[in-house]
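Structures follow.
Each of the two complexes below includes subunit A, the first together with subunit B, the second together with subunit C.
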Partner chain A sequence: MTVAAAERSRTVQWIGATAVGAAILAAVLIAWKGSELLLDATANGLSLGAIYALLALGFVIIFKATQVVNFAHGAIAALGAFFVAYFATVLNFPGRLATGLPAWLQWSLSVVVAVFVIAFAGLVIERVTIRPMVGEPLFAIAMVTIGLDIVVRTVTVDFIGADPRPLGDPWAASTRELGSVTVADTEIVTFFAALVLVAAVAWFFRSKTGVAMRATAFDQEAARAQGISVGRIFAISWMIGAALAGIAGVFSSLFPRAATGVGPTTAFFAFRAFPAIILGGLDSIVGAVVGGFAIGLAESFAGAYFTWSGLGSGFAGIVPYLVMLLVLLIRPYGLFGTEEIRRV
Partner chain B sequence: MRGRWKLVVALLAFALVAAACGDDDDTAATTAATTAAPATTAAPGTTAAPGTTAAPATTAAPAEILTDVGVDLDAGVIKVGLLSDLTGVFGALVSPIVVGHEVYWDDVNAKGGVNGLTVELVIEDTEYLVDKHVQLYEELKDDVVAFGHSTGSPHTVAIREALEEDGIFAIPLTWYSGWSDPAINANLLPHGVPYCIEAMNLLDYITTTEGGTKVAVVSLPGDYGQDSAQGAKKAIDALDLELVYDGEGQIIPGQDLKPIADAIVASEADIVFITGSPGNVPEIYGQAIAQGFVARWTGALPSWNPAYIAPGSPIKDAIERDWLGDSYIALWSSPGAAVVRDLVATYRPDQTPHDFIGEGVVEAIIMHQALLKAYELGDMTQAGLVAAAKSIANLDFGDLAPPEDYVSAADDRLQRTSAVLFKPSQADLAAGGTGVEIIETNYVSPLAESYVFEETCFSI
Partner chain C sequence: MRGRPNLYVSYEAEQSLLPTWTQRIAATLVVLVLVLIPLGGGLEVGESSFRPLGFLADADWLKILTQVGIFAVAALGLNILTGVAGQVSLGHAFFMAIGAYTAAVLGGEVGAEGFFGPRWGMGLPIWIWLPAAGIIAALIGMLVAPTAVRVRGLYLAFVTLGLVFIGEWAYRTFVSITGGSQSGREFPGFEIRLWKEETPLLDLTRDGPSWLVVNWVDWLLGPWINFPDEMSEEAKTFLFVLILAVVFVVLAKNLQRTRIGRSFMAIRDRDIAAEIMGVGDAKAKLQAFAISSFYAGVAGALFAAFVGRLIPESFNLFLSVQVLAMILIGGAGTVAGTLLGSSFVILLPRLVRDFSSWLTETVEEGSGVLAWVGDFFVSTGQDDWGLVSTASGLTPGLSVAQLNAVLYGALIIVFLIFEPLGLYGIWIRIRNYWKGWPFTY
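Let's turn to the complex of A and B:
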């Protein structure tokens, strides 16, 4: 059996074991508190996980290509959400140029414009603050991103003002019945938009630029020797990372999760995605997505089922870290992270 | 590479300075000052009384005035500190309160100041962080004569002993019932109905006028949330209601709050009493109504934010239907807030109307009265201001807020009056108001009226 075949076999075993475990867990939970709570927790976990997955994906893309741990990711997410609020509700752009379009499409176009702006902001950040640091210790670059976080967050809060800004989405507080559970339309949109974006990223990595990005992530010197512009790859990774963060910021600012829009504390939401990033593996695109949904579901299920007063509602908040800790004890590089071997 | 470092540092420094300069032009930088022995200076002449209807009159000038920190008679300046949460979880509410201070002192200064002395505000952003609050207190205490407000219950608790040791007084921007306890309020001048009594007023009013017996209580942990929750529980006991969900202290900011919303929905409560912040109340409310849950929602005033019913808010229709709140001061549209509207029209004509501007005006009136009293007594040292402030037996705010008494015994001075009860109103917002419909003014519930204050509702 080849190494690749062995790896595939191991992956299949993992997936099989996970599926069996999930089925047993579901059966136990249904027997305990019925199917309605299970479906409700699953729906919430999937929409929450979709946001975590987008945040983790953007973070991992930047890390994988540049080895930079971007602590400004949450601030960039909040800035992206602000841009959507600004384009959709203040400027009504580009909606006012196409008033005949349905509301959801007008709003989606505002999101697209805002995503381009935040991607450009990512490019500027990379060029101005990260590029000059190439070759410096990674710790120093991480410190720069902490400074960036403060700067971008402060500027964003100034932009937002004292009150939260609604994003002007057409779904507002509308809900619908899915079987026996009531789900907000925005949660459904969040989930499917995340799936589309994950698929788009997967497709991108198969394109010429995507392959160049993967090659750069694997070995920068070798990539450079093959004629790949590493600097360009760095810029593209920051643009994609910022765009994904911005979109995650939008979804985290919608009803019912943030019922009044993007506010001064939106940036901190991204920190909740860190367990997802670590769980999946810092350098794994697949891991970011799987980790995001796993953590979202774990948090949602903990909130739904661990309700006895001795634990308090805050217990759900530490479950992602417990899951992360458990997985790291078994797989120190995360579920899908690259195992680092050092010669000593 | 050294050049690149310099570039990065320079850019970051520039960005930080640019960000700090943003919209906060009025935020004064802290200036270092030394604490010196009190100086005795000839008093400046008295000037005409401030023109606002709420402002106290000018007092007679004594022959000599004692000063130490924050009052410079030669320069004609009094420095008053504000420990404000401008960018934290209550930033949306505290920012307009600071505007209230600014317009009030602009008016006083324009009309001759406090007996000829100009009042300067030294405003610092605590971000609603206790450690930063304490740090800023330590920085400002050698620069200002007193604190025009100290934002947050745990934050004010953290500096309470230091205030006593340093002999400085502060107006708590928090309505913790403990401030009514002489044992812990030595250097604090609270005003308004405490959270605990506020909860009694709200639940008594709602159950009397609308009915409902099943109550869910949910709050932030700490002096603010749990003081309010304890008041709600006292009301539930006294009014023979049923506590169907006890979420006291269960709101953990930054975490997924859907479990709390789920518990509220599962409880099938008629009334939800929630004490949180504008950052987390809409999340819990949104998660609950997303499941089709309908009930009467109420809670401590800082839980409410007019932004909930602003155009574009996804929850504006639902919360207009569900919310009933109260206020410690007359709200923007009330007749009692005419003085606030006049001040804003004169000194901040571009300011968006906000209910909490009046709170800043009330705090400034308390400070103004204390300064006048200290001036009259000839002692404008920090300690002299404490003594002057604590001798105010009856402070009348007109119709802007219920009167306060800082001399009587705790139960006698306990504020039991909610200045207004209100419901959200998009019609009022569209008409240029702040989005409230006043349904009662100066409301005291029978329960609050009969409540005997012996100790704080929630112990620190």
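Let's turn to the complex of A and C:
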């Protein structure tokens, strides 16, 4: 058997084992508390996982292309959500410019504008704080992003003001019945928007710039020798990463996740996506998506099934970290991450 | 110039704690000044009094200086783990919390009732709860250490980040220990009750007669120098923390000269090479985590006892980042840098507050170029835009606390980009400049 075929059969085995495991888990859970709760938790977990997947995706793109661990990702997400809140509710410019359009399109327009702004912010951050650090130890650059996290988060909280800001989305708290499950409209939007964005990123990696980015991720010097502008790739990856973070920040400030919109705790919501990143492996795009959904489902199931009062409030919120610790002890480089080969 | 600098003729000379006379004199002066501060910022010799540091002796400044001492202990601990052993940790706040709550359970009031029900407290004296805080934190640190062997580099930063968040949930849940979210609990005060259960032998929590040590010094030097007969609570607490901090500084400095300290540095610089030379990877990391957590635990207990009442939310990620900022701004891996960094980070809020309120006053008086320039920085009302606002209520601009946070972050970035060795690196540069003066090298 060739190496590729062996790899393929191993992948099939993995998928099969996961499917069997999931089926057994589902059977046990149905036997315990009925199928309704299971479907409910699954729907909730998928939409939560979609947000985590978006956050993880942006993070991994930045890490893959520039080797920077971006601790400021959550802060950037919160800033993006703030921009949407500001454009859609305070300035109301899509409403003024595009009066004839339906409400959801108007709102999407303000999201698009905000995404461009946040992408530009990502570009500025890269130029001012990350570019001077090229060639420094990875640890030092990660520390820079910790400083960046404080700065961006504090400024965002100051922008937001004393009270959380509603994002002015047209769905608000409306829900609909899908079979026996009640799902919020925003959850459906989140899930499909995430699918579209993941597909767009997958397509992007097949485009010319995307291939250049993959080459840069593989070996910066060799990529330069092929005529790829590594600096430009850095800038583009930060723009894409910040844009994805901003969109994820928007969805994390909508109805089922946050009752009142973007507030001081939005950035900490994004911190819960770090376990998703670690679970999938820092440098794996597939891992980011799988990890995101896995962590989202795990958190949602923990919230639905671990209701014993002795666990206190917010136990579901730390389940991602517990899963992360467990996975790291078994596979130190995450599920899909490349193992670092250490040479003497 | 006496002799030749950096020429050592014996290993003892090179390995000594303070190798040069400049360092010896500087260290002595610093300790002397710090001891003089709680005595009123100076001395009274015969009839005349000489108090050049009198302004530091008021309760406000003494409290800030006490905090510097406490955070210096915390930062020294993180420095051992991150600066010397090279293991990135964002979980220092977690270990500080372990220390604080160990102190609370062991030293807390017996049978106290809180908002969420009874609180655990055993009423034990300080000489039990303070070391115990360190030891329990060290044990928890040793539990975390094996993950550092398995999980390397930046993955470890995420694991320790997870600790902080898991900790936050734990503080919310175990209300009989922590007092519960937003409510908090009382922590035992600094009182030493050796063999006297009811009346403390030495009570640092209220004003009163000066300390035993000072009495002894008074007996020795009394004929010439008048020491204060009474000392304030703040002054006594400061002296106590100062003595502890000096002990921890000497320990940290000594650690770097021992086999254990050198094994930490070997692991930091190249773990595989270190293993080949016979330095145990797992052993060194276990030791590093244990020692670092011990420091953190003691610092956490001191901090909690010093503040008196803390809500569990105080031990959040920002506390971790604050301690990390201390060693990064000061200069990672160096004891002197860590001390500089912790002084800087703790003093910064006070300086920012004083400066911004001074600037606000100048702007409001409204005359001269300074007021005009200052107006760009200060927002004094609803409609006035500026970087920082000292007015109450919702005004444009950052509040003073927010400005502090932004400054921490910005300083971390600026130092890492321009001076990775931190304040210590700046000092080294100045020193090297004057060493060769008037030549450039």
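We adopt the following convention: the second predicted complex is superposed on the first by the 335 of 344 C-alpha atoms of A that agree within 3 Å, B and C clash if a C-alpha of one lies under 4 Å from a C-alpha of the other, contacts with A are read in each partner's own complex, and residues count from 1 in each chain.
Going forward, a contact is a pair of C-beta atoms (placed from the backbone, for glycine too) under 8 Å apart; a residue touches a chain by one contact, two chains touch by 3 or more.
Owing to the predicted nature of the structure, the values given are computational and were not obtained by experimental measurement.
*Asks:* Kindly classify A:Val155 by the partners it touches after superposition: subunit B alone (first), subunit C alone (second), both, or neither?
*Replies:* A:Val155 sits against subunit B and subunit C alike.
*Asks:* Check whether A:Ile278 is in contact with subunit B, with subunit C, with both or with neither, and answer first, second, both or neither.
*Replies:* So A:Ile278 only meets subunit C here.
*Asks:* Report for A:Tyr321: first if it touches subunit B alone, second if subunit C alone, otherwise both or neither.
*Replies:* second
*Asks:* I'd like to know which partner A:Val111 touches here: subunit B for first, subunit C for second, both or neither.
*Replies:* Neither: A:Val111 stays clear of subunit B and subunit C.
*Asks:* On the A-aligned overlay, A:Val69 touches which partner chain: subunit B = first, subunit C = second, or both, or neither?
*Replies:* A:Val69 contacts subunit C only, not subunit B.
*Asks:* Is A:Leu55 contacted by the first partner subunit B, the second partner subunit C, both or neither?
*Replies:* neither
*Asks:* A:Gly168 contacts which: subunit B (first), subunit C (second), both, neither?
*Replies:* First partner only, subunit B.
*Asks:* Which holds for A:Ala194: it touches subunit B only (first), subunit C only (second), both, or neither?
*Replies:* A:Ala194 sits against neither subunit B nor subunit C.
*Asks:* For A:Val144, is the partner it touches subunit B (first), subunit C (second), both, or none of the two (neither)?
*Replies:* both
*Asks:* Shared contact residues on subunit A for subunit B and subunit C?
*Replies:* The overlap between the subunit B and subunit C interfaces on subunit A comprises residues 129, 132-133, 136, 144, 147-148, 150-151, 154-155, 157-158, 161-162, 271-272, 312-314, 317.
*Asks:* Touching subunit A in the complex: which residues of subunit C?
*Replies:* 86, 88, 90, 147, 150-155, 157-159, 161-162, 165-166, 168-169, 172-173, 272-273, 276, 317-318, 321, 324-325, 328, 394, 397-399, 402, 405-406, 408-413, 416-417, 420
*Asks:* Using the touch definition from the top, list the residues of subunit B that touch subunit A in their complex.
*Replies:* 1, 4-5, 7-8, 11-12, 15-16, 18-20, 22-24, 86-89, 91-92, 95-96, 246-247, 249-263, 278-279, 282-283, 285-287, 289-292, 305-308, 310-315, 317-318
*Asks:* Given the complex with subunit B, which residues does subunit A contribute to the contact?
*Replies:* The touching residues are 40, 44, 48, 89, 128-129, 132-133, 135-136, 144, 147-148, 150-151, 154-155, 157-158, 161-164, 166-169, 171-173, 175, 182-184, 254-261, 263-265, 268-269, 271-272, 299-300, 303-304, 307, 309, 312-314, 316-317.
*Asks:* Enumerate the contact residues on subunit A facing subunit C in the complex.
*Replies:* 69, 129, 132-133, 136, 138-140, 142-144, 146-151, 154-155, 157-158, 161-162, 271-272, 274-275, 277-278, 282, 310-315, 317-318, 321-322, 324-325, 328-329, 332-333, 340, 342, 344
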